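After this come two complexes, each holding chain A, first together with chain B and then together with chain C.
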Partner chain A sequence: MLALLPQAIIDGVLLGGIYLTVAMGFSLAFGVLHIIDFAVGEWIMLGAFIGLIFTKWLGVDALLSLPVVFVIFAVVGWLLQPLLHRVLSGSRGRPVLMGLVFTFGLALAFRGSALTVFGIFTHSLDTVLSQGSWHLDWGPFFLTVPLIRLAGLVYALAVILGFNYLLKRTDFGLAVRAVAQNKEAAGLMGVDVNRTSAAVYGLYVGISAMTGVFIGAIVSLNAGMGPDLSIFAFFVVVLAGMGYLAGVPWAAFLLGLIQSFFLIYFNPSHVLLALFSILYLILLISPTGMFRKGV
Partner chain B sequence: MQRRGWWVAVVLALALGLSLAVGPVLAADEFKIGVITSLSGDLATGGNVTKRGYDLWGKAVNAQGGIQIKGKKYPVRLIYGDDQSQPAQAASAAERLAVQEKVDAVLGPYASGMTLAAAPVLEKYKIPMITGSAESPLIWRQKFRYTFGTIPPVNFTGSAVIKTLAALPGGPKSAVIYGTNDAFSKATAEAFQATAEQVGIKVLKFNILPPKQDLTPLMSAAKVLKPDLIAFGGHDEELINLVKVLTQLDFTPKALLMHYGVTEPAFIQALGKNANQVLGASVWTGSMQTKGTLGWPTAKAYADAAVAEYPKDPADYTQAACSAAGLVFQAALVQLAAVPPLDEAARTKLVEILEKIDLQTFYGRVKFATEGDYYHSNAGLTPLTVQILDGKERVVAPAESAQTKLSYPMTPWNKR
Partner chain C sequence: MRGRPAWLWILLVIAAVGTVPLLIADAFFLRLFTEALMWIGLAITWDLMAGYIGYLNFGHGVFFGVGAYTAALLITKGGWPFWPALALGGLAAGLVALVSGWPTLRLRGAYFAIGTWALNRAVGQVALVLDFTGGPDGMRLPPFLHPQFFAYVMLGVVGATFLILWLLLEQAPFGLKLKAIREDESGSLAIGLNPAWLKLQAFVLSAVPTGILGGVYAYWITFIDPSSTLGDLITDQAVVMAIFGGLGTLIGPVIGAVLFFSFKTYFWAYLSDYQVLYLIILGLAIAATVFFLPDGFWGTVANRWEGRRALRKGLSLGQAAGT
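And now, the complex of A and B:
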């Protein structure tokens, strides 16, 4: 079974790539805006459906819908953020709790609307990459890499590197980091906190929506897919350390690799047990995430 | 403070008055039949198959004016409870239908797990339930007095396909078998495994998986073993995902058998040409030569009526079994000759009638077993092997019912 080792690793990394796409926007939103957005799974789901509509309407490849989906949802996020801000900094007390309730309510509203508008059926997004795969044969080892999953990984890494560049090398990124550190002080330093926050939220929603297109192509999409994705986003971000964006890829790959190895080499019935045992063990030893840099 | 208290008292008094005025109805002029099924959640596709079946029966019986009891016709009102694909909600829906809606009978859920959750509740309130969809033998082993099913357990249906494959010249010699860990899927996978071992197909790998796992690592592992047959027990969405994973990994086994979901129209719609040559199990198709003494006269008549009502969703055997479940209640209620609403004594008598009923329908013969491992299930039907060919479900075995030859081995994905 050693022959399967490269495949197990690749499968794990590709699975981690999927988890990364789901968790990266969520981590950004928490790290900068301190919002735990329960609706992350629903943003992904809506992005997938808009991608589906666009693809079916124009008869084009699903991946071509990515820029359209990003723009639409970035605008939606930009417009929604002030409302979120009102809830979070409201005079009603317990702003963090209200934020959770608000995003949870958003999630329910989106899910219900999607069920009503799009129905209960599961769909699949077709792309030119959907059935392609790379085969590598070398001695006893062989590898099959599904192209669409590879595309998902490339997308995830591109976004993470893009974030890194944005945050470290641009003025906008400087403003974002200032807001994340201390909103009031940032405002005093001349940063337009409202605009910056709206832009970050818009970015997060746009990225999550694009993720939806990939998930729809790699796996499938239906109106109820949100909650499971939200839960996984949560796990990845907690493992990485809440607010520590740089830890998210490592956490995502770790979870993907654990799952992949367990499914291939051990009894698959126990994969969830293994996954959560390791998760809890890590958190027991290091409650602020695997790099001890979380909130 | 006093003002607010005064208003609360007024509102409460009004509410009490209104509820008393509406009050209990002494006699009903309709039969209230509760329906518990998955209208949302992961199993919603299957749940809607059952909904179509039950609705078709409801419409047909009401088109005739209703069920005739003592010279008067009583229409049937279907009251839906959504189990949201969760057993806890199934039990909750059963409770609500029994206590609040006070239904006379219940038509049962799509998924065996839901049936297992709702059955004890209905047993407590002594409300008979017939489900058109439960295939897990676990249900019948519990020997619920008030629960019946019109489909035989998956040990019958599932094993027939494996036997058909084994009998093929040059048929599969090895298999990898997976099943999701729920009441139905696990039983299906176990039935596949037991039969495979019986007929000499070597089972290279057998695993029961937690639901919603990513199947890529598993299928990568299976690919190495080069099995002739991949058999999978699961529900709709998982089956679609499995085919997608196999196409992504570019691995085409010689035969792919999955249950339950292959016979649903959504399967073919989602996968297009990749659905072709996939094998499934069934106990009924619209081409069968059955004759019904109640309701639709032939299988074809039902199939045509179903397509007329739901043009995009041709009826499969689960939908047919659900309509048949309605017909069984209809026949039993006529025999009971009791006027609605049915009290506990009447419902218990209904159960006794159901145990003795022997009805020929468009779906086949319905006669519930009254003892043994398959207590209260309809174990007398002939299992069929079906295959998707040219985007349509075709019967390929047994020989007496076959419409065409079984296509084996499968054409590789990238050559389609």
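And now, the complex of A and C:
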């Protein structure tokens, strides 16, 4: 059993990297727009399917669909954000909750559409990296690292670095941080709050959809996978503390590790159950996340 | 409504609805009648948390499923008669609400919604992996084929629930206290209310009738499995009914439940080839209601009504003052 330990850790870290990208976008959207997006798993699922269509249609490698998926979904998010804004700034007492209900409705509609169009079957995305893997033997221990998972980690790091650059080094990032801190004041300083918000939402939707392509290539994709992925995203963001970006990587890697340990050492059909229980306990003990720095 | 107390009207309406199964004995119609009543019960109990306190419980189905499974286990494994099993189903749901609500209700807003959603999926998974619940195969109950009996049991449960909720929420100070929490939780604490205790009371109050409904459902349908009693669809449909009808009122969810259930029946009767289409419509209905009718159907109608009455009153006052 111990021989499998490095494998479990590596698998967990590589998987965690994938969740990290979704959780980053999700956390950013929450920080800037104060939106809790129930449809996050559905964006991932739809992104994976658009990638699949693109790959099948042109007969090219799935990795080449990444920029296409990003652009399509960034535009969709950009166009959707004004609707969300109207719901969130409504006259009704609790706009945040109305926003939650709104995205909940969107999630159902997306899932239903995907089930209608793509059916209930599980597909997988093929890339040149799908078959290759690295083997390492070291005494009693051994390690298999599929190249596509490694590519996922590289992608995750690229997204994180890109985020970091965008938020810390550009005017746009300055505007985003200003809006996150104080909407009115940012508006008074000449920041176009509506455009910044729409761009953030577009960025978040685009990245989530792009990650969907990786999840489709690493694991699999089917039209009903949205809710579980939404739970994963919530798990990471809540664990890190809502809106606390620095906590996100730790939470994401923890999620990946929990998942891979359950897959290797316990019953894989209990993975979700374990995650739900942990999420639940965490929410009970510390609603502001494991660093107690959330909102 | 002056002169005759309102509770008399409610009893009259319930009695009038009670004559329907006597007049129409068609089995299919009775089935629809019973199910419509069940959804009314689910929608008003969901609205108790969402509309009155502002806590979105996306795990409402847990209570329904726990009630259904408790009653089913007692009837099949324990050989209990229907009524005590039903009562214990409600009690079990209340207990789940007490245990899970004690810590979760400290979570505000979105955290509560997510926490209860996770709870629902976790409980669904438990029912799937356990042996004595039959896992994914579900459980069969001894059939008791008497449609009118179930129509009246459902009417009794839902009618009693409506009356109790109406007394507590619209007549007693309890409802005002809950609304105070909805408007400003810290403020309600400051004026001497105990929000934690009130929320827990309301949570249990919304759970017990839901559990009883689950028990009735189990004995009525005679077959339960995790997806039919603990699936997302129970909560999802209660949500769309309550929101479409109008949050924060008792009559709104009733109207929403009747309208949406009629639509659902029509849909399943004529478009059952396109089952997944139902999910799309459900989702779009939720999103469109939040977008266009944030006060819900009843809220919008009532607002317009109020506005017109106030206008007329103002006009007549103005005339009286002017002449």
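Everything that follows uses one rule, which is that the second predicted complex is superposed on the first by the 254 of 295 C-alpha atoms of A that agree within 3 Å, B and C clash if a C-alpha of one lies under 4 Å from a C-alpha of the other, contacts with A are read in each partner's own complex, and residues count from 1 in each chain.
Assume a contact is a pair of C-beta atoms (placed from the backbone, for glycine too) under 8 Å apart; a residue touches a chain by one contact, two chains touch by 3 or more.
If you're wondering where the values come from, they're calculated on a predicted model, not measured in any experiment.
In the superposition on chain A, no contact is made by A:162 with either chain B or chain C. When the shared chain is aligned, chain C comes close enough to touch A:234, but chain B does not. Look at A:82: by the touch rule set out above, it reaches neither chain B nor chain C. When the two complexes are overlaid on their common chain A, residue A:272 makes contact with chain B and with chain C alike.
Applying the stated contact rule after C-alpha superposition, one finds that A:284 touches chain C and leaves chain B untouched.
Of the two partner chains placed around the shared chain by superposition, chain B and chain C are both touched by A:115.
For the contact definition in use here, the residues of chain A common to its chain B contact set and its chain C contact set are 115, 269, 272. Contact residues on chain A toward chain B in their complex (touch as defined above): 1, 3-4, 7-8, 11-12, 14-15, 18, 115, 120-124, 130-131, 133, 135, 144, 146-149, 218-220, 222, 224, 228, 259-260, 263-264, 267-269, 271-272.
Those residues of chain C lying in contact with chain A across their complex are 54, 56, 58, 103-104, 106-111, 113-115, 117-119, 121-122, 125-126, 129, 182-183, 232, 236, 239-240, 243, 274, 276-291, 294-295.
Within the complex, the chain B residues that touch chain A are 39-42, 44-45, 47-48, 181, 207-210, 212-214, 216-218, 220-221, 223-224, 236-237, 240-241, 244, 247-251, 266, 269-271, 413-414.
Every residue of chain A that touches chain C in the complex is listed here, in rising order: 36, 83, 86-87, 90-94, 96-98, 100-102, 104-113, 115-116, 227, 231, 234, 238, 242, 269-270, 272-273, 276-277, 279-280, 283-284, 287.
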